[in-house]
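Order of writing sets the labels: A, B, C and D. Residues in every chain begin at 1.
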Amino acid sequence: MGNSIVRNYRLPIRIYYEDTDAGGVVYYANYLKFLERARTEWLRSFGFEQDQLREQDGILFAVRSVNINYVQAARFNQQVISCVDDFSLKRASIAVQQSIVMQDGGASVVNAEVNIVCLDCDKFSPKPIPERLYRELLACK
Amino acid sequence: MGNSIVRNYRLPIRIYYEDTDAGGVVYYANYLKFLERARTEWLRSFGFEQDQLREQDGILFAVRSVNINYVQAARFNQQVISCVDDFSLKRASIAVQQSIVMQDGGASVVNAEVNIVCLDCDKFSPKPIPERLYRELLACK
Amino acid sequence: MGNSIVRNYRLPIRIYYEDTDAGGVVYYANYLKFLERARTEWLRSFGFEQDQLREQDGILFAVRSVNINYVQAARFNQQVISCVDDFSLKRASIAVQQSIVMQDGGASVVNAEVNIVCLDCDKFSPKPIPERLYRELLACK
Amino acid sequence: MGNSIVRNYRLPIRIYYEDTDAGGVVYYANYLKFLERARTEWLRSFGFEQDQLREQDGILFAVRSVNINYVQAARFNQQVISCVDDFSLKRASIAVQQSIVMQDGGASVVNAEVNIVCLDCDKFSPKPIPERLYRELLACK
């Protein structure tokens, strides 16, 4: 698999009114918020805080592309799980496979691939992922 | 009226799915977005851009308090008008009377008083409203 | 104290990018989302789910007014606690005292009074709070 | 081109604080709101209102997938144009090519393909696009 690395992360999320729309279901853009919450908590689970990465390493992560499929709508008050399922790693980017599933039963809500690039905070140009984070990600194969 | 100053501003806003919730109406927090859009366009109508005020004058406006009454809910696809109705001016703050009304018929949707303070961008401490903006506001009595 | 009733509820909330704005802090409307999450979880802590109240009792809760003071801004990645501090109860409405505080140190972020009315789902007219919920609320004095 | 149909629609959108995040740019999920606003206004430009389609035709449009590339970030106070650039039509679905560009200069902000399916309001199963809308879409080749 080359540098394809696996570590799962699962974040339970409750659906509040703020997340829904007049169709009675989660507004389609809001799933991107849920996906990002899982990525943030996943990095935190390795001990990496994005505000520290910014201050200490001068980097931030920016989303370059999202490819998302909406399988089934989640409704007000339901509980879903936002997942990091897999990822592949390059020196300055990460392609993250993510999904959101129903907590009860595990039915698929959305599937997504999110491509993230590591940027220099000031120049907004690509910059290698900080060494200690890169190593942690490599190590979780 | 002392330094109570009047100038009306009215911004038409269409209700999109993004604004609504599963109750079928605009989510209660989102009216605060509509109110801010009107304040921003009202300042722009005087020739003041908030990004320039930040760069050139080193100030930003922060909301200190909101007192909002929800009179009638707006629904998907309706058109409302977000208004600045009146305001009173101090050296480092503005108390703005705002409302949102239905475009058809003018029925009241929300009424609000929003207190805004002018802050130094770096220190986040109160700072007098820049002179040329302060004068413009005074002049529109 | 008449029918003033006390029960505290505290919900920890992490600040994500979705919550912030270009000022580097939580966007002022988003605190209303945090306040509602706490009210929802507070009702849930009594065993009341809003989707069931809607289906079984034909009621929903609508916000009639919010009076909110912004004391100190919360930033990206910080953890805050959204609280129900106190409430007073009428037959068809609840006035809820709420606050958001920093998890570290407990400094005040916002204080708010939120007035909620119980409405008939179909007619959108005020309707008494369902008996078993009303009694639970009364009982937590 | 078979049933590939072209009609451009361009909706100017101002970036407000509500749209941005602590990175100083538009939050990545919010571009999906801008894309939807353009699709809604595009349908409206044909004389079709989604609330009427729902009541009269018993249908709604749901997003099945989004493939979005983020080219350049938009910042607070900038003006962008959200575009419908092209689309292909099937009996129960539309694949819409969209983009968002800077109003000054036309530089690319995002490119996206959004797949929309026409659903029966009650059963949430695919249903042919109402005849008069389908014909209008076909006609704009």
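Convention: contacts are C-beta pairs under 8 Å (C-beta built on N, C-alpha and C of every residue); 3 or more make two chains touch, one makes a residue touch a chain.
Remember, it's a predicted structure, so these values are computed and weren't measured experimentally.
Asks: Looking only at C-beta pairs that count as contacts, which pair of chains has more of them, A-C or A-D?
Replies: A-D
Asks: Between B-D, B-C or A-B, which shows the same interface as C-D, counting it as a repeat when over half of the contact pairs match?
Replies: A-B
Asks: I'd like to verify one number: the distance from the centre of subunit A to the centre of subunit C, where each centre is the average of its C-alpha atoms, in whole angstrom.
Replies: Here subunit A and subunit C have centroids separated by 29 Å.
Asks: On a C-alpha centroid basis, what's the spacing between subunit A and subunit B, in Å?
Replies: A distance of 35 Å separates the two centres.
Asks: Taking the mean of the CA coordinates per chain, how far is subunit A from subunit D in Å?
Replies: The computed centroid separation for subunit A versus subunit D comes out at 24 Å.
Asks: What are the residues of subunit B that contact at least two other chains?
Replies: 17-18, 23, 29, 33, 36, 75-76
Asks: For subunit B, which residues count as touching subunit D in their complex?
Replies: 14, 16-18, 33, 36-37, 40, 49-51, 75-77
Asks: Within their complex, state which residues of subunit B touch subunit A.
Replies: It is residues 17-18, 20-25, 27, 29, 75-76 of subunit B that touch subunit A.
Asks: Touching residues of subunit A toward subunit D in the complex: what are they?
Replies: These residues of subunit A touch subunit D: 23, 28-30, 32-33, 36, 60, 62-70, 73, 124.
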